[in-house]
Amino acid sequence: MTDHQDNRMADSADESDLSDGETEPGAERGLSHVSADGEVSMVDIGAKEISERRAVAVGEISLTETAIEAVRADRLAKGDVLATARIAATQAAKHTWETIPMCHQIPITSIDTDVEIEQRSIVLSVTVGTTGKTGCEMEALQGVTTGLNTIWDMVKAVEKDSDGQYPATEISGVRVVRKEKLVVD
Amino acid sequence: MTDHQDNRMADSADESDLSDGETEPGAERGLSHVSADGEVSMVDIGAKEISERRAVAVGEISLTETAIEAVRADRLAKGDVLATARIAATQAAKHTWETIPMCHQIPITSIDTDVEIEQRSIVLSVTVGTTGKTGCEMEALQGVTTGLNTIWDMVKAVEKDSDGQYPATEISGVRVVRKEKLVVD
Amino acid sequence: MTDHQDNRMADSADESDLSDGETEPGAERGLSHVSADGEVSMVDIGAKEISERRAVAVGEISLTETAIEAVRADRLAKGDVLATARIAATQAAKHTWETIPMCHQIPITSIDTDVEIEQRSIVLSVTVGTTGKTGCEMEALQGVTTGLNTIWDMVKAVEKDSDGQYPATEISGVRVVRKEKLVVD
Amino acid sequence: MTDHQDNRMADSADESDLSDGETEPGAERGLSHVSADGEVSMVDIGAKEISERRAVAVGEISLTETAIEAVRADRLAKGDVLATARIAATQAAKHTWETIPMCHQIPITSIDTDVEIEQRSIVLSVTVGTTGKTGCEMEALQGVTTGLNTIWDMVKAVEKDSDGQYPATEISGVRVVRKEKLVVD
Amino acid sequence: MTDHQDNRMADSADESDLSDGETEPGAERGLSHVSADGEVSMVDIGAKEISERRAVAVGEISLTETAIEAVRADRLAKGDVLATARIAATQAAKHTWETIPMCHQIPITSIDTDVEIEQRSIVLSVTVGTTGKTGCEMEALQGVTTGLNTIWDMVKAVEKDSDGQYPATEISGVRVVRKEKLVVD
Amino acid sequence: MTDHQDNRMADSADESDLSDGETEPGAERGLSHVSADGEVSMVDIGAKEISERRAVAVGEISLTETAIEAVRADRLAKGDVLATARIAATQAAKHTWETIPMCHQIPITSIDTDVEIEQRSIVLSVTVGTTGKTGCEMEALQGVTTGLNTIWDMVKAVEKDSDGQYPATEISGVRVVRKEKLVVD
C-alpha cells in the first residue's frame, strides 16, 4: 500500500516562459513550483534563447523625524547607515537562491541600489541584472526588504519609544516597479 | 599624516539597554551601531541579568483573487505554498545574524509562524523567542519579509499579468506588533 | 630545505570526462580530487561540448508504525512533514557545492523530489537536472540524505523509545539510480 | 472570511523533554514541529536544568575494492580522502541548524569523527557534544551522511563503471548508536 | 582487517585551557585539533568558569598613491570603501566558525573595526569580544584579512597596472596584538 | 525635499574591462564599485567575448620552530593540518562572492592549492581558474588568507607563549603573483 507525493523546483525553461509573461499553457494547474507535472523537468533548455533581464523593486520604511535626522546627519558625516543598508541589500539579492526555497541560482551581472531620504521615510530601490533563462524580481525584492530591515536595525536606538516599542516604524509599498527582458542576438 | 575612522557592532550590553526601552544615556550621539564611542566594547555583560524575550512581527502581501484562490485550493490539497513560506520565514529568522550586518547571533528558543488568508491578501506573523541580552525583533521582521517574498515567488505563475508585470502585488504593513521582556529569577 | 604538498579541486573538464563514464586515462593515479597532476588545471573547457545532465538518487528511512501513521495522518491534514523534507532536500541539493568540499558549483536547472510512504518506511528520491560540464549525482545524494534526516527530525517526538533512543530508525539504500547525459546540438 | 494555519519550531524546553525520552504529554498530537498547540512557545526555559549531552551516529558506504584500495593507498600517502570526509562531517554537524529546517542552533562543544576502512566499505561515526537544553543527534546524523557523501565524491573517478553508473556504491546503516545526557550540578 | 583514523574538533574546555596560555599537559602530542586523544571530548565544561575574552588583530594593505587618494577622496565623499571593508570584516568575524573548519561557534558580544589611512597603506584592526570558554583571536584575524581583501577588491580599478597586474599591492603585518581574559565573578 | 545616494555592484562587463588591465575610460571617476555612474548597469554582456582566466595568489605565515616541527611531523603522519588548510582555502575561494560584498559569483572551473614548509614559515599559494567575464584574483586571495588563518588555528596550542600571546606568528607577503586571460575562440 503506497501513498505518493511529488513536487519540484520549477524548471528554468518553465520559469523562462513565465517570466516572459506568456499566458501559461496549463494555467489551470495553478502554481508551477508545486505542480505535480513532471514533464518540464528534462526540457531542453539548451535550445532556449538567452535573454538579458532586469528587475527593479522598491519599498519604503516610515521612521520618526528623530531617526530621519539622525540618518541624514550620519549620512552627511559618514554615510554608514545607508552604506550598511545598500551592502546588506546587495548581499541579500545574491543570496536569494538560498533564502527563497524554490528559486534558481542565476548569474547576476549587476546590482544597483538607490536610496532617497524623505521627510518621514526612506525609500530604497534595488535594480538587478542577469543574463539567463529566469527572471530576477525575487532578487530585487529580497534586496529591498533586507535593506529596509537593515535601516530599521541601524536606527533602533533612536526609533524605539520609552516602552521599547516601534509605534511609528513600518515597511510598506514593496513592489516590482518593472521587469524587462532583451533577447540577445 | 593619518585619517581615522571607527565603527562597531553595538555591544550586547548596549543592545540590552536599548531593547529595554531605556532612554539612552548618550542619546544625542544617535546610532549606536555607527557610534565612535568605544567605551561599551568591553562592558561586563556577565553581570547583566538574563532575560527571556519575545518579539512578534507581522506583514501582508496583496494578491489577485486568482492567486488567492490558487493558494487556498493548494493549501487545502497539500499546503505547500504556505508550508514553504513558513519554513522560509523560520530559516530567515535563524539567519538574521548574517543577513543584517550589525546583528548579534542570539540563542533563539522558539519560532512561531501564523498565516491568515484574506480575500485579497495573505497576512503572515512571526513570533520569535530568545533568552539572552539582546532583543529579537529583527529576527521576527526578517521572518515576515522573507516569508512574504516566498509567497510571491510561489504564486508568480498566476500573479503576473500578460505583460509579465505585477500590478496588483504589494507587501505592506510590516511592523513589530509587540516586544516583551521577562527577567528570569 | 623544503617540503611540498599539492592538491586540487578537479577541473571541470576532468570531471566532465569522468562523468561521461570514460575509463580514466591516468586511472593509475587514482582519485582526481587528490591527484598531484597539475596538467588538467588549465585545460580549455571552452572547447568542451555542453551537455544536459540528470541524476536520480534514492534512499529510505525505516520508522515505527506509530511514526508512519503520524506522518500519513499529518500529510493528509497538512503535509508539513513531507513538505519540510522536500524543501530541505531541494535546498541541500543547491548547497552541495559548499557542503561537499571538492564539488563545483553547477547551474542546476531543475530539482524534483518524490516521496513514497510504505508501511514501515518512507522512500525519498531526488532528481536533479543541470546543463554544463560536470555531473549532478552529488547534488541528488545530498538532497536524499538531508531530506531523510529532516523526516527523522520531524518525527523525533514519536519515534524515540522511553529511553530516548532510536532502536527502529535507520537510513539505508542510498544510491544513484541513474545518471544521464544528453549532448546539446 | 478567513482561513488559518499555524506551525512552529518546537520550543527548546519542549525539545528538552523529548530528548529526555519522557513519554510526551500530548503524544496523541503527534509531531511537535508541526503541532498547532502554541502553549509551549513562551515556556520559561531559564528554570530548566542545564544538561551536558552527547550523541553518536554511524553509517557506512559500500565501495568497490578498487576504490577501497585507492583510499587506503591514498590515506597512507596523504590521507586526503578521509581528512576531507572528516572535515566535511565536522562542518555539516555545525551547519545542522540551517540544513534541517526546524532544528535549533545549539552550542556544540566537541565533534569527534572516526573512520574505519573495511574490505568492501568505509564506516564513519560522528560524536557530537553539546551543553544546553536540546539533543544533538541530528548534528551527528548530518555529519555522518555528509561525510559519507564526501567519500563518494572523492572516489567518483575510480568507483564509476564504464557506463558512468555506480552499481556497487551504497550508503546504509545510518543510525543513532547512543544518546546520553548528564545533568550538571 | 581494519585501518583506523581518528580526529576531532578540540573540546571547548581544552580550548579554554589553551587560550589561558597554560602550558599544555600533553604538549608533546602537538596539535589538539588533530589529536587522537579522546579523553577531552566529554570533559564537563559546565564546571568551567565563564570568562569575558577580547582579542585584537591588525594588518595592513600597501596600495599605490593613486588608490590611497581615491579612497581618501571617496571616504570624504561617501566613505563607502571603508564602510564596505568594515562591514565585510564584521561579517567575516561572525562567520569564522564555518570558515575555519575546526573553530567553535562562540557568542560574540562586540566587534570593533578601526581603519587608518597612511600615505602608502591602509591599516585595519579588528577587536572582538566574547563571553564563554574559548578565545576569539581567529574571529579577529578573519575580520582583518577579509576586510583588507575587501579594500583590495574595491580599489581594483585604480590599483592595477596597464598589464592588469598588482605589482604594488600586498597584505602584510597580520598579527594578534593582544588577547585578554577576565574571569567573571 | 530629498537627498539622494547611489551605488552599485560593478557590472560584469565593467569588471571584464578592468580585469583586462585596460586603462579605464572614466578612470577619473575612481572606484567602479562605488561609482555613481549608472550607464554600465544594463550593458550588453552577451556580446562580450568569453575568456578563460586564471589567478595565482600567495602568502606566508611565520611560525615558531616548535610549530613547524609539529606540522612537519603531523603532515608526515597524517597531513591533517595542511589538508585542513587546503580544504579551507578551497572553500573560501568558492565563497568569495558572499564574503567580499561587491564580488560577482563566477563559474570557478579549478582550484589548486600548493603548500611549502620552510624552516620558520609555511607558504601557501592558491590558483583559481574560471571561464567568464570577470577575473578571479579575489577568489585566490581569499583562499590564501583563509588557508593561512586555518594553519594558525590548527597550531594555536603549540604556537602560543606562556602568556597566551603570539609574539612570533604573522601573516605577510599576501599578493597576486599572476593574472592570466586567454580568449576562447
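Assorted remarks:
So that you can tell them apart, the chains are marked A, B, C, D, E and F in the order they are listed, and the count of residues begins at 1 in each.
Criterion: a contact is a pair of C-beta atoms (placed from the backbone, for glycine too) under 8 Å apart; a residue touches a chain by one contact, two chains touch by 3 or more.
This structure is a prediction, so every number in the text was calculated from the model and none was measured.
Of the two chain pairs examined here, B-D and E-F, the one linked by more C-beta pairs in contact is E-F. Here the spacing of chain C and chain F, counted between their Cα centres, is 28 Å. Between the Cα centres of chain A and chain B there is a gap of 16 Å.
Chain B and chain F have centres, each the mean of its CA atoms, that are 33 Å apart.
Chain C has residues 5, 7, 10, 78-80, 83-84, 87, 91, 95, 101-102, 105 in contact with two or more other chains.
Interchain contacts (touch definition given at top) occur between A-B, A-C, A-E, A-F, B-C, B-D, B-E, C-D, C-F, D-E, D-F, E-F. Against chain A, in their complex, chain E makes its touches with residues 78-80, 83-84, 87. Interface residues of chain A, counted against chain B in their complex, comprise 5, 7, 10, 18-21, 23-24, 27, 30-34, 59, 70-71, 73-74, 78, 80-81, 84, 87-88, 91-92, 95, 99-103, 135, 137-138, 141-142, 145-146, 148-150, 152-158, 160-166, 169-176, 178-179, 181. Contact residues of chain D toward chain E in the complex are 50, 52, 54, 72, 75, 79, 82-83, 86-87, 90-91, 94-95, 105, 107-119, 127, 129, 131, 182, 184-185.
Those residues of chain D that touch chain B in the shared complex are 1-13, 38, 40-42, 44-47, 97-98, 101-102, 104-105, 107.
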